[in-house]
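Order of writing sets the labels: A, B, C, D, E and F. Residues in every chain begin at 1.
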Amino acid sequence: MLHILFLFSLLFSSSHASVQDFCVANLKGPDTPAGYTCKSPAKVTVKDFVFSGLGVAGNTTNIIKAAVTPAFVGQFPGVNGLGISAARLDLAPGGVVPLHTHPGASELLFVVHGKILAGFISSANDVYLMTLKRGDIMVFPQGLLHFQINAGGSKAIAVVSFSSANPGLQILDFALFANNFPSPLVEKTTFLDDAQVKKLKAVLGGTG
Amino acid sequence: MLHILFLFSLLFSSSHASVQDFCVANLKGPDTPAGYTCKSPAKVTVKDFVFSGLGVAGNTTNIIKAAVTPAFVGQFPGVNGLGISAARLDLAPGGVVPLHTHPGASELLFVVHGKILAGFISSANDVYLMTLKRGDIMVFPQGLLHFQINAGGSKAIAVVSFSSANPGLQILDFALFANNFPSPLVEKTTFLDDAQVKKLKAVLGGTG
Amino acid sequence: MLHILFLFSLLFSSSHASVQDFCVANLKGPDTPAGYTCKSPAKVTVKDFVFSGLGVAGNTTNIIKAAVTPAFVGQFPGVNGLGISAARLDLAPGGVVPLHTHPGASELLFVVHGKILAGFISSANDVYLMTLKRGDIMVFPQGLLHFQINAGGSKAIAVVSFSSANPGLQILDFALFANNFPSPLVEKTTFLDDAQVKKLKAVLGGTG
Amino acid sequence: MLHILFLFSLLFSSSHASVQDFCVANLKGPDTPAGYTCKSPAKVTVKDFVFSGLGVAGNTTNIIKAAVTPAFVGQFPGVNGLGISAARLDLAPGGVVPLHTHPGASELLFVVHGKILAGFISSANDVYLMTLKRGDIMVFPQGLLHFQINAGGSKAIAVVSFSSANPGLQILDFALFANNFPSPLVEKTTFLDDAQVKKLKAVLGGTG
Amino acid sequence: MLHILFLFSLLFSSSHASVQDFCVANLKGPDTPAGYTCKSPAKVTVKDFVFSGLGVAGNTTNIIKAAVTPAFVGQFPGVNGLGISAARLDLAPGGVVPLHTHPGASELLFVVHGKILAGFISSANDVYLMTLKRGDIMVFPQGLLHFQINAGGSKAIAVVSFSSANPGLQILDFALFANNFPSPLVEKTTFLDDAQVKKLKAVLGGTG
Amino acid sequence: MLHILFLFSLLFSSSHASVQDFCVANLKGPDTPAGYTCKSPAKVTVKDFVFSGLGVAGNTTNIIKAAVTPAFVGQFPGVNGLGISAARLDLAPGGVVPLHTHPGASELLFVVHGKILAGFISSANDVYLMTLKRGDIMVFPQGLLHFQINAGGSKAIAVVSFSSANPGLQILDFALFANNFPSPLVEKTTFLDDAQVKKLKAVLGGTG
């Protein structure tokens, strides 16, 4: 029976370096268009595939009464190259996750607790809205503007997953008002009034 | 100001057919290697993007004390072509989801309730095991054998997501013992004893 | 020498149906996540691979003094499945293509005539701005908000190409103000003032 | 124990339509950029996954003393969507498979019998040549010109596989001389002499 | 005529670094989700694209009377990034390649010598079995359990190719019995009897 | 209002490294099958996304009276990983871009100035020819032989884009006659006469 062992150990010993079903991110190494370079398989442990950060409620004592806790490849190196990642969404009563897109992934939302009004807008300019209850799932196609609002009287929690280890996140108000995007350009490319732009820049810390 | 409308309505009217950010599955139409053909965009509503079936506990009054409720493209047509899908996992005390693979997707598990002992085995033959608590996530790389076991005294619930709209599901015991796979071949290709094979075939309804 | 002919004609006759290097869209057939079904190769002519619509200036006598003429798969069936498409951009003096995204493709812009101020905003909230002159090219990564403005005193023309046959187009102002997206939700998810939202809805034909 | 059966039969009965690990081509249905639509899973048998045509020697009694027998999706529907296909190559003594490319796939050649001189030319214009003996494999990167020549005194046989179910095949001489490509254009775009072009057109049946 | 040379040499000299149709693996460099980093093109020779290891019979003087010789990227760096690789299969009379999966690729088997009984099991739990003779090919869809058995009285040889440079290889018995996967977990997740598990662990060197 | 800032700055600060919508090539770093490793996002500026080299006419005072100026990843690092690139084509009267292929991309040509006769040949050996005027676009499917000829009396200019950051470029005459490809092999694999081969080798600098 030792022959079986012998056969396969030969096979495995010679090919161990290339028998790699996963590629845990080496976050200190370079990134590539397909993800980070891989941590040495010999150093990989089960901890690389487990992340506990979504078990902790985000801090919603802020003006939007909401918090997003990501488990993208930057926080959770085990998803590198696997085409999937996650995040936790906490919405206090009245909380809202403002309009945003994920340039690199579709999103699937699962309501863990409470009620959430969610919606997205398509390229054809149609609005898809639904109030979701505990246990409902909703899918948001890649790259489209979408939002989530607490639709109940108590806190709401959702866990979302993405079709990429690194979905990206572009929050509309931050893209417009929380950087040095010159106000005249913001106004020219959005048709928003100067007063409106300056008001929100003041709130969100934008300059220009 | 009507000119803006005019400009864009021209643009949109001419390109409506091709401005399609999603492709809700027409399950009655043919399937293709990239997913089902698309339902007409004009007939798509928000209901196509929402699925409520994961809000209902699966029936765990069975021998494995577990239930899996899928939200793959077959149940949830909105995920067609979006590279993501989901499922719900219910584990009564003592419940187990036996060893299985998803040939077409990586899996990300989120523990909604209870404690779950989960694990997978790599091509290099290493075993990655962890007991997960509420809020933990774990990722299982595509195509590898993995399992989940209730590790606490009360029911456990998890929601899992996949990096494909159609991940597939090959349950080891069913592949071996619940079909007409001839017993001599099962034995020759697994080294299992004849008595063992026949015992499990009897339990799981296999023939041959 | 006839034997060569014989050999290859056999080869070609038997495999003609499957030797298909392209898949010209049958726009009357169903769409799929990978593109439209293919027109019969026997009916394909060179006209399927040529499009003359970008040779005609778009009508810029409108409020934004700009026009976009698409050559996506809906207008140019020959690009189906080839991962590329194009559009023409006309900007009269003062013209602007407002903030928009392409959910399904990166964009490469080539300035044919005039000067164009172009920019995009990243997920990290950084603004990348440049005034482009004739002959310059600029690339806009997939899914990010970007815009183009005529930066000279005369008309400007650009031809843009995309990394998909069907890049999609989500114009920010139309997603917010030109449909039935309820004003209270627009305000809640953008922090814009009610007056601002209603003013732009009036201009762009939005309801709710 | 019936409960296991009950559980899984429920699971399988509801999802049977979508649990599809393969997509055997329905060659009578439409093609798509990702491959043919799928034959109904209920009608799929093992015969769809097996092809015997490569077991028969091609007829090499022709001027090039060679024959190529394809097992692409058009001949072997089981490979549809699986990213792989094959072909058999027979080379009588002195036989040659002239310069050609596969626009849609890389190729891997395995020498079953005899000796074969194979080569490819890269974009950087480098020539990679090797005489292969029985059991050797050689890989030809996608889209590059390559050839195979019998390098021994007896017949040579190779089996080749491709990284696509439909790799395409463009034989240089046929692209130039075996169709209605006008001779003046052939000459202008290849620098070949008129006499040379007309000589080969006569041999290969070209017109114009 | 020197002008042609001048033109193209300029073109090539400036773009040589990026004109790379292949990416021969630098096995000493880091791996990425898309494969290894590339060996410098200047150091690439034809030997990188040729592998002779499959020309040598594997040692089948073992208990399974079979041997698998891989030509994956780890052994054959030229296939890196090309979506293809290969292996040789030797089966002495009575030999068997036990149930296994390739998590990352579909497989195409070509019978070089002898008779082979091959089979795979689908997600839908169907068994596809066929006895293959010399020259037959069979395709095994990605991620599904499959096996090969010598079905004749003499040695059998097959060459298999894969739709990935790194298909992975998970042998069922080794995943279950040849590592430190704790026996109680094996039993709970497979329904196998304790005696059976311990018997095979003893044979295959498993612990726990 | 600071709470919004606080919330998002936390989000952004922790995930900045992974929130990367682009991957500007570090041309000094290693290449991979998916493109070059990424320049540090902190060092990226708008200049990385802009390229001015296509604004300058190529030198057409050569025998083919044509010039190709590439903006592939090697010249324009911003396109790395974005699936798009470009080039400029200058054709003096009588100019010709000889038959060539791009092994890694489809091409879309836009006529900026003049008239161009363009064509490609399919795997099925069909020739697709068209004389294009200013503003016309034509698409050339990946990997197929194609050419462009000035079809007017004045200079012609085109800008072409590709469905890859690194399309590759194999010029037929250079593959055959401008390297050390041995003449007997060229002749055997193309059926060209020895005199023809040696004549063109002399012109293009080939040896062997």
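In this section, a contact is a pair of C-beta atoms (placed from the backbone, for glycine too) under 8 Å apart; a residue touches a chain by one contact, two chains touch by 3 or more.
To keep track of the chains, here are their UniProt names: A, B, C, D, E, F = Germin-like protein.
Fair warning: this is a prediction, and the values are worked out from it, not measured in the lab.
Peer 1: What is the set of chains touching both chain B and chain D?
Peer 2: Correct list: C, E.
Peer 1: Count the residue numbers both chain B and chain C use at their shared interface, divide by all numbers used there, and answer same if that is over half, different if under half.
Peer 2: Under half shared, hence different.
Peer 1: Can you spot which option in B-C, D-F or B-E is basically B-D again, with over half of the contact pairs the same by residue number?
Peer 2: Most of the B-D contacts reappear at B-C.
Peer 1: So, comparing C-alpha centroids, which chain is the farthest one from chain F?
Peer 2: B
Peer 1: For chain C versus chain D, what separation do you get between their C-alpha means, in angstrom?
Peer 2: Chain centroid spacing, chain C to chain D, equals 35 Å.
Peer 1: Measuring centre to centre with CA averages, how many angstrom lie between chain A and chain B?
Peer 2: Their C-alpha centroids are separated by 21 Å.
Peer 1: Just curious, how far off is chain C from chain A if you go by their C-alpha centres, in Å?
Peer 2: 26
Peer 1: For chain B and chain F, what's the span in angstrom between their mean Cα positions?
Peer 2: 42
Peer 1: Do you know which chain D residues sit against two or more other chains?
Peer 2: 19-21, 30, 32-34, 37, 103-104, 119, 122-123, 125, 129, 141-144, 168-171, 174, 178, 203 - these are the residues of chain D that touch more than one other chain.
Peer 1: Please categorise the chain-chain contact pattern as a line, ring, star, complete graph or other.
Peer 2: Basically it's none of the tidy shapes, so other.
Peer 1: Got a list of which chains touch which?
Peer 2: A-B, A-C, A-E, A-F, B-C, B-D, B-E, C-D, C-F, D-E, D-F, E-F
Peer 1: Which positions of chain D touch chain F when the two form their complex?
Peer 2: 96, 98-99, 101-104, 117, 119, 121-123, 125-127, 129, 141-145, 147, 149, 168-176, 178-181, 185, 188-193, 196, 199-200, 203
Peer 1: Across the complex, what residues on chain C touch chain B?
Peer 2: Residue positions touching the partner: 27, 30-34, 37, 59, 61-64, 66-68, 70, 72-75, 103-104, 166, 168-171, 174, 178, 203-205.
Peer 1: So in the complex, the part of chain B that touches chain C is made up of which residues?
Peer 2: Residue positions touching the partner: 1, 3-8, 11, 14-21, 23, 26, 29-30, 32-38, 80-81.
Peer 1: Looking at the complex, which residues from chain C come into contact with chain F?
Peer 2: Spelled out, the residues of chain C in touch with chain F are 12, 16, 19-22, 41, 45-47, 49-52, 54-56, 71, 76, 78-79, 82-86, 88, 105-108, 110, 112, 119-120, 122-125, 128-130, 132-144, 159, 161-163.
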